[in-house]
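My questions will all concern the structure given below.
Order of writing sets the chain letters: A, B and C. Residues in each chain are counted from 1.
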Amino acid sequence: MLSRYLLRRFAHIAFLLAGISALSFALLELAPGDFLGEAKLNPQLSAQTIAALREQYGLNKSLLQKYIYWLGSVAKGDFGVSFAYNLPVSTLLWPRMLKTLELTVSSLTLSWLIAVPLGVWSAANRRGWLDRVVSFAVSALLAIPDLVLACIALLVAVRSGIFHSGDPVLPVTVLVLGALPILVRHTRAALLSVSAEPFARAALANGIHGFELWFRWLLPAAANPLASLFGLSVAGLISSSLLVETILGWPGLGPLFLEAIGARDFYLVIGPVILSAAFLAGGTLLGDILLYMVDPRIRLES
Amino acid sequence: MKQFWHSARLPISLLVALHLAVVLAGFLSPEDPAKQNRKSALLAPMNIHFVDSRSKLHLRPLVTVEGEDRPLRFFVSGSQYRLLGLFRLRTHLFGLDEPSGIHLLGTDEFGRDQFSRVLWGGQISLATGWLAAVISVGLGMLLGLAAGFWGGWRDSVIMRGAELFLALPWLYLLLAVRAFLPLSLSPSATALMLIAVIGVVGWARPARLVRGVALSAKERDYVYAARGFGASAWYLATRHCLPETYSVAATQAALLIPQYILAEVTLSFIGLGVGEPVASWGNLLAPLRQFSIITSAWWMALPALIVVLTSWCFLRLEDALSSPSPRKHECEKMV
Amino acid sequence: MTSRDSASPILRVRGLTKTYRRRKWIGSAGDEVRALRGVDLDLCAGKTIAIVGASGGGKSTLARCVAGLEPATSGEIFFRDQKLGKPGDARHHIQMIFQDSGASLNPRFSVAQALLEPLAIRQERNLNTSERLRQVGLPETLASQGTSQLSGGQKARLALARALAALGESGAAVLILDESLASLDLSVQAQMINLLVDLQEKRGLAYLLIAHDLRLAAHLADEIAVLFEGQIVERGAPHRLFAAPAHPHTAYLLKTLAAPDGSSRA
């Protein structure tokens, strides 16, 4: 039953997020300093003011009290309050989340759309010289860290002056280039191992070859490892987007997260952490659903 | 085995050379990496040439500094450094006579020699990669063995914990943990803390893999036989199960080292890693975020080449380690 | 009740029961698999009992429970009239040789290491490697080789040597052979059988042989017990069983033999 499976997964995700939030709270409590730590250095603020602010922000409460307050805030939809901005965290997160989703969803789609055919082609033509060139290019690209790719993109943007800061083309290109190598390699490896199976030889003997063989017979059989790869690629993209957004000045979750860390803005730090976990869980779930739809063996099992 | 050495020859030699160069950073670098010289700020890399401005050929390499051709000296006595942290030496492989310095990779905005900083910075970045990988794999082996071998509630607790750690995208996880730690520490303390954080945070995947190995290892007949002889659980775990995990652990370590080097580079780049004045490959690249640097001082991006080269070498090494099984070559080209 | 009294059994099993429970969800009862349902056995020193039956009948489970490798759900095991409490209590007196001798040897160990493992575990000094190898007909030169380099027959001998090392010199003991001879070539099997018979005569060992090969069982055993669905449904001397099987399962086992062999060891 797909619906029962989904319900179980959602419950699992809820547990996971609860666990992460609890752990994060516990860790943050251990951290030295809080939002008002820097304020002590400000000569304009007297000790009484700081103490009053502490009280107002609830920084003096115990860990449990803070957590309960936060849970209540989540129920209200606020997800806590940002001290720096004096706004509910969700108000700050929402537009940023959309911006990050804009990048990640497009990169995810694009990179898979390019990687799978490329991987299949690479597996099919694996002895050719062109494949060797492509493999080498892919390896080289894999060796270039996202950081460096983003810097190159920044250089290109600055030098050419073509790209505006609101244009998603550059960030998406960087993310796709960063994600492609791993996807292509894994697709290729999955297809190669599937092509060594007896049923593949049988299909070939039955006269099925070329496009039909690789895309309609072999690719679905490789769906299982590819589906698990999907979850991993979502995780990688979320991490990469943090970096790319920061370097290329894209107003997504990344820069906000970093800012909050620097300012020790308690609840604003927890927010993106939970969100990123939620995105990852969602991505993994999506991968499993796609697998369910593509692989009849999974359907038969459940 | 032969196949492995054949394909791994190049990356291994490059990596060995790189590590040697980094270990001998003090000897190989002509300048003191921390020495600032405002007058030499943002100099382009100097060329080594053999023909001087009067078209005369020299045997000794020349470098042009402020219009003048200066000969390169070898085994020069220069700034003091510590080799391997133990020996205090002054001899550098090459350099110029005082007062000016040689800058093969140019200088940064404070006039510090980039070549020296790349070598010294490599110590931090590479050490972080290796040490953090050892921590991750070590922790992973410990917990994975405990989970797989003893099973029961220990297994559940450890695996749930692993799930939590794997539930976050790695950069968010790393930054979250980093966020919980003091932001302003001395550079050496930061470096150590970074190693600890990156290492500890990455225990989950190795632990899962080791657990799998332990689970299957403990079902082997020779484990039952040893049990029949009266072996303690400790004996079974260390004598029979643990050796099975070594190859998984080694492959994991090989995978993690380059990732962790990148982790240090990334964190230092965004300012949450090793800070001034200590050099690391990450904070060497940090100035690139400034408009003025990225447009005019192209040589400041050269450390990126070293990072890419290191990554590439490790990737080739990983490929050689996990070379395709004979089975994959079984099937001839089908299209 | 003297140990030399061959009339009283050195191994007595009463009401041995083993139930496996498979849990699907935490808290649910799960499926029950009753591998053994009240098995009784008497084994005297210097004698051999063969347990036969179809696969899944519980033979291996019985072997493991008697050997102390698995705890029984209920029932009692007595060695020399002393009840065994925990599974490992009688490891000096009851040892088992596995079906696949090769799998019971850690491929990373050398022959000497594998042979001396039971002693190393007990931290015993009395090594005598060459003597122990000789006892089972293995050349001394094998001591430094890796266990994976041995042939099937050599592995079986090494497994035997290990079990003997674990048993020590303490007089009569029980050796459980869990289909240990099944995977060997016939000629190698014959050699092993001779070796086992030899040792039995010399040391008065009692053998509990688990076999699905009825002919082999008949050749070696003084008594055959037929295990069917966790219970012993028939037992008796080989020739009697072959001549007139009382239980349908025994008849079925006999029928699956190409040519029922009525010859016995006697």
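Convention: contacts are C-beta pairs under 8 Å (C-beta built on N, C-alpha and C of every residue); 3 or more make two chains touch, one makes a residue touch a chain.
If you're wondering where the values come from, they're calculated on a predicted model, not measured in any experiment.
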**Q.** Intersection of contact partners for subunit B and subunit C
**A.** none
Q.
Farthest chain from subunit B, going by mean C-alpha coordinates, please.
A. C
Q) For subunit A and subunit C, what's the span in angstrom between their mean Cα positions? A) 57
Q.
On a C-alpha centroid basis, what's the spacing between subunit A and subunit B, in Å?
A. 25
Q: Enumerate the residues of subunit A that touch no fewer than two other chains.
A: none
Q: Show which residues of subunit B lie in contact with subunit C when the two form their complex.
A: 220-222, 224-231, 235, 240, 243
Q | subunit A contact footprint on subunit B (complex, rising order) | A | 160, 163-164, 167-172, 175-183, 262, 265-266, 269-270, 272, 285, 288-289, 291, 294-295, 301, 304, 307-309, 311-312, 315-316, 319, 324, 327-328, 330-331, 333-335
(Q) Per the contact definition, I'd like the list of subunit A residues that touch subunit B in the complex. (A) 16, 19-20, 23-24, 27-28, 30-33, 124-127, 139-140, 142-145, 147-148, 151, 154-155, 158-159, 192-193, 195-196, 200-201, 204, 209-210, 213-214, 235-236, 238-240, 242-243, 246-247, 257-258, 261-262, 264, 269, 272-273, 276-277, 279-281
Q | subunit C residues within the subunit B interface of the complex | A | 67-69, 88, 91, 95-96, 98, 100, 103-106, 108, 117-118, 121-122, 159, 162, 166
